[in-house]
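In the two assemblies presented below, chain A is common to both, partnered first by chain B and then by chain C.
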Partner chain A sequence: MYLLRLALASLANRRFTALLTAFAIALSVCLLLAVERVRTEARASFASTISGTDLIVGARSGSVNLLLYSVFRIGNATNNIRWDSYQHIAKDPRVKWAIPISLGDSHRGYRVLGTTGEYFEHYQYGRRQHLQLSQGRPFADNPFDVVLGAEVAEALHYKLGDKLVLAHGVAAISLVKHDDKPFTVVGVLQRTGTPVDRTLHISLAGMEAIHIDWHNGVPARGAGRISAEQARAMDLQPAAITAFMLGLNNKIATFSVQREINEYGNEPLLAILPGVALQELWSLMGTAEQALFVVSLFVVLTGLIGMLTAILTSLNERRREMAILRSVGARPWHIAGLLVLEALALALAGIGAGLGLLYAGIALAQGYVQANYGLYLPLAWPSAHEWTLLAIILGAALLMGSVPAWRAYRQSLADGLSIHL
Partner chain B sequence: MRRLLLALPFALLPLAVAHAHDEHDHDHGTLAAHEHGVAKLNVVLDGNTLELELDSPAMNIVGFEHAATSDADKAKVAAARKQLEQPLALFNLAQAAGCKEDQQALESPLFGDAAEGDKHEHGHQHADINAHYQLACSNPGKLTQVDLAPLFKAFAQTQKINVQLIGPNGQKGLEATAAKAVVAF
Partner chain C sequence: MGQALIELEDVTFAWPGQAPLLDIAQFRLEAGEALFLKGPSGSGKTTLLGLLGGVNRPGQGRIRLLGQDLASLSQGARDRFRVDHTGYIFQQFNLLPFLSVRENVELPCRFSKSRAARASQRHGSIDQAAAHLLEHLGLNQPGLLARRAGSLSIGQQQRVAAARALIGQPELVIADEPTSALDADTREAFIGLLFNECRAAGSSLLFVSHDQSLAPLFDRHLSLAELNRAAKPREA
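Here is the complex of A and B:
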């Protein structure tokens, strides 16, 4: 006990260096834990980009590809699927709800999603949260209504009642615009932290209406043009959609419905389990996640080596301190113990301060991170895994502390009191 | 990548897979992939019902894929069938969950399913074994994982099982191997 007191008193005597060393360790511990938390949470939030959907169905391609375009709005479908196929499957008694989606247009770099009212009712993300409107209402009978994702509304400064023109294709700068048929903003969704925020939602009828007078991929000219008013009166039933999402009455049926869709004879379709495809996609990104972890491990190592340097360099200055201790009866192992305890105290202070920094950071940034990145960082006690990491850091600190301890042990034997300064 | 390339010739070969129930099975119909050593397992737990669906190339289970003609082959098929009829021995489930077998269906050209008979004249063919089990668990809350170790042990030629899992925590996809045979819900 008196050794610990001595160690602390000695540290207090060199408080500036000691504080800096502890701070370096604190920062590295904080970084390691923060990376760990963000990593775990990013994985969880990634996995909950879409929830409550049992199957996603699209043209036959790969499961990751289908997931990317239907959920993340990245890339494009290889093919469309027929409206008949959608109807056929949506009518199956095992299917509780079906959300058709139609992609392909954009507005200033944001993707446009054609869908039905079911989308607002059944689409779920996160911990089975439903989409909420922050302003206005979902689109109704008027085919030229548009509901904006939170980020679209914020970035482009749109408010209810604004008119906007959609562009054909998904390039950020598009040459062909649907400028004869402007859309009116009727609703803005609440922020979800998912790709929904970056999407403009229109009805399938709206999607059909803006392309109704197109032939061979270009808009009609002159007399062939159909105005927005004329389009409104026409039959706006689409012939094809890009994909659809299914919710089933009974989860048990998932695999049999999936198999039936995959073996559907009239059209090559692919049904995927979004949860499984999400994991597949995450495993592709797992390497980056590992790299991040390794980097933060090296930062901790740097912090600890900083501590080792600080203690080792102080050894020479403290020859007199050691000598005095020896003269009053301290044995060499006392001196060694003193230095190990010093390292322990520094590491403990560093870990404590690091945890403090982490929690202060989480408390401050929690709301912002949740709103902007959809990451929920819980203000929870360290998990078992985190405790293990902390224990490893402490162990490494002790191991490093034993290096100067060993030197001091040897020196204090040799130096004794006959030291020449 | 190498594994994918290895699978390619199998995927390209004309396959006779166990889709006897497929109503759209005409000549230009699609062909399911077939990779020796790799099986597929679908697990779904909803309420008290646990369903397990194992789809494996016959090679993994009996060591050949032709119809059994010799007595030795017939004995192998019969032995495999016997093992497949005991799902509770193949899938190690927590005792406390109280799972009991409700229904099972085994399907394979090797078991002499009539509908597959005509396909055997095409020379080199692949055959799958499909086992479907429905279990009722009195205490599904205790069922947190499925241990596939007995399955890997019983059918040693199975190197990997691609598992699709649906449980109380949602959907999961993972790969099980003999060394990592436990899949958690």
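Here is the complex of A and C:
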């Protein structure tokens, strides 16, 4: 169509402004799509922080709170649960496996998780992936073995055989350290992109050993102190743990087991379904995620308004162009069509370049983002949802293009063939 | 007298609520004629050209182009009628600077089927028609057709504009001060070329200018200030 040729030639004549305008649209489109992709992936990755676990059991509090401290290492348990309660439930015939976890200590800001060998065997994340060791072995009989999450090992530069001291409590700077009982790094886990990466794993016996001479939350002094060697010889069976995870033989039993635990007579317990609690938690964070989306929508709107401004300001200096076109037979609707096509061309160029930027950015950042945030950004074709967004942007550009088109239409009717300088 | 190409009878024009700008009892342009119309500023020149182009409608009276009453046509039909039968040359900056010389010359054929048809009929194709006209107007340098129109000198641009007005042999060519940006030597040469090509195409020429010295070159000359009873010439 000849009008398109004219529109493109006229744009090429103003290529600097046109390029800037298209670039602004490209950046905004790229931002919107990037936010969309990260949002989708973050949601998927969040939902796969833990998988394969049917129930998480802790002291009675809120389900989000239990999920936060047991899976995300955020916040603290309100209370512990007794070892015999754990034993009782773990022995239930419907239970396939049980992982006890004990929290409360830290090392340079990273949380320490006391658990058993079951953890390495049964804990799953993502698409039912098991934990893998990148170096060393799981902790064994020695209570002072520690297995590091990938991020802990990398950030603190620990290697196998290094000794480290745990701190009491979970504050970043802790005044009370378990410096009489150092731990030895025996293994490092592979990166998972989940909070496991930021965790130090020790055995329940180790957890018990460092607290064995503590009374009322303070360490014993003088003769009351028990050395690491003495502790080794003692019974290190814990009296209480923080929470435990359950895998069941049959998923159908999940609700009945959950109800029984919640009605457990000897101690107030709470059992949650991880998937349900994750969803509850995500709905809390969803507001921030939606705010991000709305902000990027407004950035796109800003890009389009930039285009509108550029076209509108060009109108006055292009009255001559319009009058010449009118004198060679262009009708007012041709003039209007020319401006709509111009807006369309700018928007299309912007969307194309925006997609280009997005894919270049993903290709460049993919490895880094996955390694550091555990987010896998696929280099895939736009999804149906993304196509819809792009179509809406194009529609909005057309709508905006109709504003200068209408003005030019009026203007060319009023100016007729007279050329204004 | 045969049928006139342009015929105005008792035509008046005024913007709503304002004093009349134009009031012409009678005006005729015969077919094949080259008419010089002296039109200083304030004589109603822009208004007259707007009426002849069908952009404005007269308040009273009748304007006929090729026997067709313009007022009886719709806006769209007037636009079509204009490009089918009239070629325009303006004072300067006539061309779309971002198109090639060839594309500029061929513009009327893009918007008028009948001019495209006549151009191809006479010269074989629109491209050949454009090349032929440019050559006759003295623009035969190699590679010129493909150059950006904006890169040409003013004199060359005016000749390209003339070629554009003449392509597809419109019955009427309206030239509005086409020589005012040219110097005295090129001015007469330009008018000579324009005459030749109008004759070759069988087009009538309505040449509007304030420069009385050009008048003797034409078949006939009129003064718009005298023709227009509503004129308020600024030159006292």
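In this section, the second predicted complex is superposed on the first by the 420 of 421 C-alpha atoms of A that agree within 3 Å, B and C clash if a C-alpha of one lies under 4 Å from a C-alpha of the other, contacts with A are read in each partner's own complex, and residues count from 1 in each chain.
The criterion applied here is as follows: a residue touches a chain if its C-beta (ideal position, glycine included) is under 8 Å from a C-beta of that chain, and two chains touch if they have at least 3 such contacts.
Values in this document were obtained by computation on a predicted structure and should not be read as measured data.
Trainee: Should the superposition on chain A be reported as showing a clash between chain B and chain C, or a fit?
Mentor: fit
Trainee: Is A:127 touching anything from chain B or chain C once the two structures are fitted on A? First, second, both or neither.
Mentor: neither
Trainee: Let me test your reading of the model: by the given contact rule, A:276 touches which partner, first (chain B), second (chain C), both or neither?
Mentor: First partner only, chain B.
Trainee: With both complexes superposed on chain A, which partner does A:10 reach: first (chain B), second (chain C), both or neither?
Mentor: In the superposition, A:10 contacts chain C only.
Trainee: Would you sort A:51 into first (chain B), second (chain C), both or neither based on which partner it touches?
Mentor: The answer is first: A:51 touches chain B but not chain C.
Trainee: With both complexes superposed on chain A, which partner does A:254 reach: first (chain B), second (chain C), both or neither?
Mentor: So A:254 only meets chain B here.
Trainee: Given Cα centres, how many degrees, to the nearest 10, is the angle at chain A formed with chain B and chain C?
Mentor: Computed from the C-alpha centres, it is 110 degrees.
Trainee: Is A:268 touching anything from chain B or chain C once the two structures are fitted on A? First, second, both or neither.
Mentor: Once the two structures are laid over each other on A, A:268 reaches chain B alone.
Trainee: On the combined arrangement from the superposition, state the nearest Cα-Cα distance between chain B and chain C in Å.
Mentor: Once the two complexes are overlaid, chain B and chain C approach no closer than 53 Å between C-alpha atoms.
Trainee: Using the touch rule from the top, collect the residues of chain C that touch chain A in their complex.
Mentor: Listed in rising order, the residues of chain C that touch chain A are 46, 49-50, 53, 55-56, 75-76, 79-80, 82-84, 88, 90-91, 93-99, 107-108, 110-112, 164.
Trainee: Flag every residue of chain A that touches chain B in the complex, lowest number first.
Mentor: 47, 51, 54, 250-252, 254-255, 263-266, 268, 273-277, 279-280
Trainee: Which bits of chain A are touching chain C when the two form their complex?
Mentor: Against chain C, chain A makes touches at 2, 6, 9-10, 12-13, 320-321, 324-332, 334, 416-419.
Trainee: Per the contact definition, I'd like the list of chain B residues that touch chain A in the complex.
Mentor: Within the complex, chain B touches chain A at residues 19, 22-24, 26, 29-30, 42, 44, 46, 49, 51, 53, 164, 166, 170-174.
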